[in-house]
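Encoded as structure tokens, here's the structure I'll be asking about.
Chains here go by letter, A, B, C, D and E, matching the order in which they are written, and residues are numbered from 1 within each.
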Amino acid sequence: MQDIFQLAYWIPLLPLLGSLLNGLGRRYMSRSMAGWIGSLSVLGSFVLSVLVFLHVKSGHSEVIHYFDFIKVGTLTIPFSFQLDALSSLFLLIITGVGFLIHVYSTAYMHEEDPDQFARYFSYLNLFVFSMLLLVLGSNYVILFIGWEGVGLCSYLLIGYWFKNPAYTAAANKAFIMNRIGDLAFLVALFWIITKSGVVGFQDFFSFVQQHQFTERFTATDITVITLLFFIGATGKSAQLPLYTWLPDAMAGPTPVSALIHAATMVTAGIYLIARSNFLYSLAPHTLHLISWVGLLTALLAASIALAQNDIKKVLAYSTVSQLGFMFLALGTGAYAAAVFHVMTHAFFKALLFLGSGSVIHAMGGEQDIRKMGGLSTKLRITYFTFLIGCIAIAGIPPFSGFFSKDAILLSVFLHSPLQYGLALFAALLTAFYMFRLLFLTFAGQFRGTEEQKHHLHESPWAMTLPLLVLAVLSVIGGWVGIPEVLLPNAEPLIQFLSPVIPVVPHAVSHETEYILMATSTVLVLLMVLAAWWRYRHYQPGVSTSPFTRLLENKWYVDEIYDKLIVQPLSWMAAWLRSVAEAKVIDGFVNGVGRAVQYSARQLRFVQSGQVGLYVLLMVLSMAVMLFIQFFIRK
Amino acid sequence: MNALLVSALWGVIMMFSGVAIKRMNVVRYVAMAGVAILIGLNVAEMKGWHLLAIDTTGMLAFDHYALLFNSTLLLAVFIYLVLSGSAMERIGAHCADYLALLFFIICGLLMVSAFESLLILFLGIEIITIPLYILTGSDKKNLKSNEASLKYFLLGAFSSGILLMGIALIYGARGSFALSGVADTIRVSNSLMLSGMLLLLIAMSFKVSAAPFHFWTPDVYDGAPTVFTSFMATVVKVAVFAAFVRLFDRSFALQINAWQAWVAALAALTLFMGNITAVFQQSVKRMLSYSSIAQAGFMLLAVFAMNTTAKEGLLLYAATYSLATIGIFAVLIRMKDYSFEAFNGLASRYPWVAAALTIFFLSLAGIPLTGGFLAKFYMIKAALEQSVWLVLFSLVMAAVSVFYYFRVIQAMYFKPVGQTDPITFDPGFTRLLIGVAVLLIVLGLFPQLLIGQLYF
Amino acid sequence: MSIVQILFWVLSAMALFSALMVITSKNPVYSVLWLIITFFAISGHYILLNAQFLAVVNIIVYAGAIMVLFLFVIMLMNARQEGPTGSKRWITLAGTVSGGIFLLVLVAALKDSELKARTAMVMDGQIGLIKVLGNELFTRYVVPFEISSILFLSAMVGAVVIGKKD
Amino acid sequence: MPINYYLFLSLALFTIGMVGVLTRRNAIIIFMCIELMLNAVNLLLVAFSKMHYQAAFEAGQVAGQAGVDGQLFVFFIMVVAAAEVSVGLAIIVMMYRNVHSVDINFLNRLKH
Amino acid sequence: MIALLILLIPLLGGLVSFMIGDHKKWVGPVFLLAAGLQFLLVLLALTSWDQPELHRFSAAWMSDVGSSFSLSLDPLGKVLCLLNAVVYFLLALYLQGRSMQKPGAFYGWLLLAQAGMMGVFLATDGLLFYFCWELALIPMYFLSSIWGGPRRIAVTFKFFIYTFLGSILLLAGLIYLQSLTPEKSFALDAILKLNLTNTQQSWLLWLILPAFAIKLPLFPFHTWQPDAYEEAPTPVTLVLSAVMVKMGILGLLRWLLPILPVAAYQWGDVIMGLAVGGIVYASLIAWRQDDLKRLVAYSSIAHIGLMGAAAFAGNLGSLQGLCFQLFAHGINIMGMWFLVDLIERNLGTRKIADLGGLAQRSPGLTLFMVIIAFANIALPLTNGFVGEFLMFTGLLATKSNYYWVFTVVAGSGIILSAVYMLGMIRSVFFGEGPSQPLPPVKLSVQEQLVLLIVVGLIFVFGLFPQPLLDVTASYSDNLFKQIDISYLFKNF
């Protein structure tokens, strides 16, 4: 089994090969062929990941060095992979969920032309490759390569239907907002390089342990670096203030939303901070800020999700909100809880997205939940699995979401009761809007057109099978993190992660834990009831209050950004182009030329042709010269 | 000295050949032969082989530099005769007489680079200018030629008066006309000396057309028959520069503090006036006369710096500037219209002529690979040790010069053929022109070929 | 005041006055005549300085030959009066002013030169005599002398080229 | 006589000639004024010549050649002046033939 | 000897090309042959003939002004010569079969320009350097003025005069340096031995810098560049921006920094400030361009701004990054110009407003554009990333007090580059396109081959930058020692 680590490079390589095969050969590829290549390559990675995971689980971890990527002076950036608990866990999530979504996509994207179909799979495989690179990299640079790579794939996939200008705009927005975060990431990275000269996680970790660390790094340095990394994470993981790209990113095909914008890519920020936990533990101010940003994001996104009518938008805001929860966990120092939530969230959010894709598929592309309703009878599997997803996300025991969210809430409670209250509120909102979505979609009467009604049908097996698998995972996925209070010697996940993330024993009585769990469960159930009460017989056209309109319009954040940043920049660029460049700088350059020509035109009139004037000028200059020589220069 | 005698003699021969020989091109060949003989004599004298040893009683001293300078000038004259000599026949019936005058002028040229006495300087300058008044006015029916001649004459005579006053004042201070006056040290700041020197400076500035004493130049060069403008603007001008340098180097070395700043000021003003005014000219001929002023500004840097580099550089400058300008004028003479538009599309019809012209203009602008660059390079190098600001200013002005030189290149290469009346360049002429261009490039790559002769 | 001084002053006054009349006379012929008088005055100075050769040459060449040539040309052209264009007043003024500045600056600069105490020998000295000058001219100055023949030759050719009607 | 007298006299004559060149428009008169300038120089040269002669004389070199240069220079100036006059008048006559005027204000075809 | 050959091949090739100008059938192959030979030679010089004694050449030339004809292929020269050879080889391949006016003269000028640029990269003598500097400029003048766009004459003239003005100041600086050396020599080694005072260094900096700043071009000396790029024929623009601007960087690295380290430090803040300011400035303007060529031109200014700042950052990371970026930027911008040329020639316009929806009918072109565009905005695993990464590392580590300002401002260029590049791709390639559908852009075999090579280079050097970094490692190390002035601070 030792050899399995030596094969680790196949994990990212397989999807890359799949991507290249699909991408370059797309003209000669049939749909099924492209689908097979895409899915099987990820399946291969998944199998390898499982083997790696098992090996790691038996207590091994290793940094495998391939070649030196960049070597300048004393700075060496190796191209090497780190196989340990954290990365192997993420490997499983990425390849596992990724494989399911590939399978799902073969059916979902079936209406595309073969070459576009292959292009889609090429992008999707490329994404998996990049994401794997991100989590496998043993240093910040390789991580960054993957980090940017997933950004690129996200861009490509959001703009997959490139004929639609709105979609390509969303793609650009996603990439650019990510780049803002990337800049912060890079600056942090440069900072580390400048101060320590190393980039590897382990190298840096051991550097942090050394005594020279405190000589070179001041508290400010640490705070700045951690803050910058966090800003990088807010870009990728859609936190305040850089979250607005994620809802727009729903322009991409639904499986993409499931894979990239729910299960994997957006959790890269959490991965980054969890990876750097040894540094963050030294930066209490940053952690505090992270917790608040996460909390506010969770609240804000949840509030927006309450009033959205696009099925995918609701899920998108829900994702933002859940990511906020994860950051909240990170901020309170519960790195393992955050990673736990990443995992469960990957299951149920992928499930929900794929379910919504199934709905959209059935509705012939309709995404407005006001025009749905009553689908539970027609789409039984979809309904059933979607329900499981909702329960899981709402945090009802014993579904997976309950345990991960409970771990977070417990940690927050220990950290700050105020934050706990707000977080609980956000969790309640989650339950409310998710069940609102469920009821509007599946309950009540069908509100669509007759034609749509006629065409309603359950999706093919390639779509339902992943739904079922994910549903099972959503149910049982949380059991790896059952808290000690419920099951002695449990929490295998935290134990598993302990080599990377030190276990923090929390001193809290069992009674308190019971009370917290009970409170949240009861309140969530109440919210579910409330949602059912309100939306079981929903009729569109109900007049909305100003507050709802505010929520529907997402607090006008996009508009504010546009007014505050984009438009001034655009105005400034136009001004620079037409005034600063053309009039001032080039005007000066041309002005010099014109001044020469002007003086040439004027100066030649001295040459009047009059001999008298010539002599006069000569005599005058002569007199002046003599005068200066004898009466001034003396 | 031998060349001086022979050139006077050859002038007389030319006078009579006009009567004896009916075919004008034969007369021209005689003239070319004369120049060739002069070159030979000069070179021979450089090698220390004198045909006639003449005692000049300290009036003239043909040192190595003077001989080399003269040989270079004579070579330029030879090329001038070959390229443009035929154009003299078109001016009037006195072609042989023009050539005779040319030889008398050469006589003066040979003197002013070797004078040891202010008297010879004066005589030399007069021998140069008096025939030039006539050559300027030789196109008698042409009012412009008349006007140029009269202007040149009046202003030239006036400046001769200044020159003489200067010489008289110097004589008063020194008691001698010899260049290296007796025990000058005590008279360094003598006001008589200073005023005489300043007047000489002014007179010489006039002769080399340095601003603000340059006003005659554009009008005279413009009005004179082009073939003589070519001669005046090149050979004559650089020879007078040699006299200028010799005078101030040999005679006023001790007073350098007094005149150096003036030369700097004159150089700056000349560069400014010449370059700036040239920018807005409509006629290539007139542009070239302003350009000659601008180039004089650069040559003044040699006077300003007055060191070995400067003298070497002046030699190179004389050669490259003369060759390039003679080449351009040779083409210009063959054109009916001197405007920039007349050059439109020349490159497509006569690519070789255009290429040669391009090299000439690049050389004048001081673009590397051409001799003109190295000439400017030497000037800058010489002057940089004295004043950075002047050098910077002259460099900026060199950039301005690109403005007008490149107008011709633009017309030749980038503009469509405009005019209809055809210009013809016979193949022999084209080949010669190419030869001159190649010579310029050779000088630009291996200046030692010329400057190295100084040290043999 | 010795006779030399009186002669000097008289000749100087005469030279200056007639020179001024040259440039102020309206009629060119008068200008020529006044110039001849100036030349005579200068020749007088030469005699005073015992430069007999130059005095004679001055009268023969300048006052005699050259000025007659001028007069001849003026008569030929019949250009007795300056044309109706008239000199611009400011040109006259500016010319006078700049000429005046020139003179003033030079005089002011030179009045305290080291020559202040020196004098020119008058009414005595051998060097102005033809014998001495001739001797020098054909020994030390033979080269310039011969060169001046070239000058004359070229002037002659020039005059023919220019003057000949064709 | 003090040399300064001669100096100032010839400077004055020179300046008068110069002012004549500046103020008159008749080419012939301008030319005459130039001749006046030359004569002023001649006078100065002769005076200097005698000054140097006197200096040498007083220093005891009775038969010295001091000062001869100056007078010979004057001779050459006259030579040149004569040559100049022949050419100059020829030019002026040529001009007169073509434009029937010797007014330099008419010399304005060449400008700018 | 090899150094001399590198100079001679394009020179002779150019002359031959001029001579056979009438035989249109032959000029293309001759160009290809010369460029190919050159490429082969440089490749051999970097690999099997990598002996230092082969890489030097020196001959007597103008010894009395202290100059000699000495060439040396040092590591920096290797990278740049390689770039020059690659660009010309690919360009020759790309231009095969292209019909144009007077092809003999066109290729002849191009090859002469290559000779000039090679000379600049190789010269170790100040005067020879200046010679080649101008020699490279003249062909560009003719190329742009004869074969360029409608405003070509005025625009190229402005370019010429601007550059010329800078270069003659450079000449003055070089002469001044020469006059200071004890043996009055223009040799780089002699100049490097000088002990210049701070004042002298400052003086010289402002004499020498403008030439390089204009050539690069560095903000605010850049205004000739967009016009010149726009009006020049695209192959010429390609050479201008892929190779010729590198002359400026080389000038900084070889003729400014090691000679004037103190002044470079003293004025470093100002220059770096201008450079990084220029990044934002040019990026914002690029965002608002409606002409493809102008957009690429401004993007080039932005990229060059970073390179200029890195040159003055003065540490090993920035220098190595810069050396790498010299090559990478050349490759990327070359690919960009190929694409612009393809679009312009096939569709007859390069106005962004007239284009759109190209992705539907020209998927191959789109793929190439996306890859090259992302390489241009320094996506990891493309060659653009490595250089920029190292330069940024260096910029943050610079000794200036404003290190973080520079890094952040320059870093905003990373964001803005994405803004304008993706904006351009979106407008040109995506969407429905104009109502009259544009014809597809058909790539010929050699065009595809050239673009594939470009893309290959992008990825190969993006993934394995180390071989190229190794080439310049010793050089950067050496240069870093030369410009390291930390000894000046020890006294405090």
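Following the convention adopted for this analysis, contacts are C-beta pairs under 8 Å (C-beta built on N, C-alpha and C of every residue); 3 or more make two chains touch, one makes a residue touch a chain.
Please read all numbers here as calculations on a predicted model, not as lab measurements.
Visitor: By that same contact rule, can you tell me which chains touch chain C and chain E alike?
Guide: Looking at chain E and chain C together, the chains touching each of them are A, B.
Visitor: Touching chain B and chain C alike: which chains?
Guide: Expected: A, D.
Visitor: Could you work out how many touching-chain steps separate chain C from chain D at minimum?
Guide: Minimum step count, chain C to chain D: 1.
Visitor: Given the contact rule stated at the top, which pair of chains has the most C-beta pairs in contact?
Guide: Top-ranked chain pair by contacting C-beta pairs: C-D.
Visitor: Just to be sure I understand: the centre of a chain is the mean of its C-alpha atoms, right? Then which chain's centre is nearest the mean of all of them?
Guide: Minimum centroid-to-centroid distance belongs to E.
Visitor: If you take the mean of the Cα atoms for each chain, which one ends up farthest from chain C?
Guide: A
Visitor: Computing the C-alpha centre of each chain, which chain sits at the greatest distance from chain B?
Guide: Farthest by centroid: A.
Visitor: Taking the mean of the C-alpha atoms as each chain's centre, how many Å separate chain D from chain E?
Guide: Distance between chain centres, rounded to whole Å: 66 Å.
Visitor: Averaging only over C-alpha atoms, locate the centres of chain A and chain C and give their separation in whole Å.
Guide: Chain centres of chain A and chain C, defined by C-alpha means, are spaced 102 Å apart.
Visitor: With centres defined as the mean C-alpha position, give me the chain B-chain D separation in Å.
Guide: Distance between chain centres, rounded to whole Å: 27 Å.
Visitor: Quick one: chain A and chain D, Cα centre-to-centre, how many Å?
Guide: 97
Visitor: Indicate the residues of chain C shared as contacts by at least two other chains.
Guide: Each of 91, 94-95, 98-99, 102, 106, 109-110, 115, 141, 144, 148, 151, 154-155, 158, 162 in chain C touches at least two other chains.
Visitor: Among the residues of chain D, which ones contact at least 2 other chains?
Guide: Only 3, 7, 17-18, 21-22, 25, 31, 48-49, 51, 55, 66-67, 72, 76, 80, 83-84, 87, 90-92, 94, 104-105, 107, 109-111 qualify.
Visitor: Taking each residue of chain A in turn, which ones touch at least two of the other chains?
Guide: Correct list: 604, 607, 609, 611-613, 615-616, 619, 622, 626, 630.
Visitor: Any two chains that touch count here, so list every such pair.
Guide: Going through each pair of chains, those in contact are A-B, A-C, A-D, A-E, B-C, B-D, B-E, C-D.
Visitor: Inside the complex, what are the residues of chain B that reach chain C?
Guide: Chain B residues touching chain C: 8, 11-12, 15, 54, 56-57, 59-60, 92-94, 97-98, 100-101, 104-105, 107, 111, 117, 119-120, 123-124, 126-127, 130-131, 133-134, 137-138, 140, 172-173, 187, 190-192, 194-195.
Visitor: Give every residue of chain B touching chain D within the complex, in rising order.
Guide: Residues in contact with chain D: 119, 122-123, 126, 130, 133-134, 137, 140-141, 143-144, 146-151, 153-154, 157-158, 160-161, 164-165, 167-169, 171-172, 175-177, 218-220, 222-223.
Visitor: Quick check on the complex: what are the chain D residues that touch chain A?
Guide: Touch list, chain D to chain A: 18, 21-22, 25, 104-105, 107-112.
Visitor: Note which residues of chain D are touching chain C in the complex, please.
Guide: Those in contact with chain C are residues 1-9, 11-13, 15-20, 22-26, 28-29, 31-33, 35-36, 39, 42-43, 46-51, 53-55, 57, 63, 65-68, 71-72, 74-76, 78-87, 89-94, 96, 101-103, 105.
Visitor: Quick one: in the complex, what on chain E touches chain A?
Guide: 158, 161-162, 220, 222-224, 281, 284-285, 287-289, 316-317, 320-321, 357, 359-360, 363, 370, 374, 379-381, 385-386, 389-390, 392-393, 395-397, 404, 407-408, 411-412, 414-415, 418-419, 422-423, 426, 429-432, 463-466, 469, 473, 476-477
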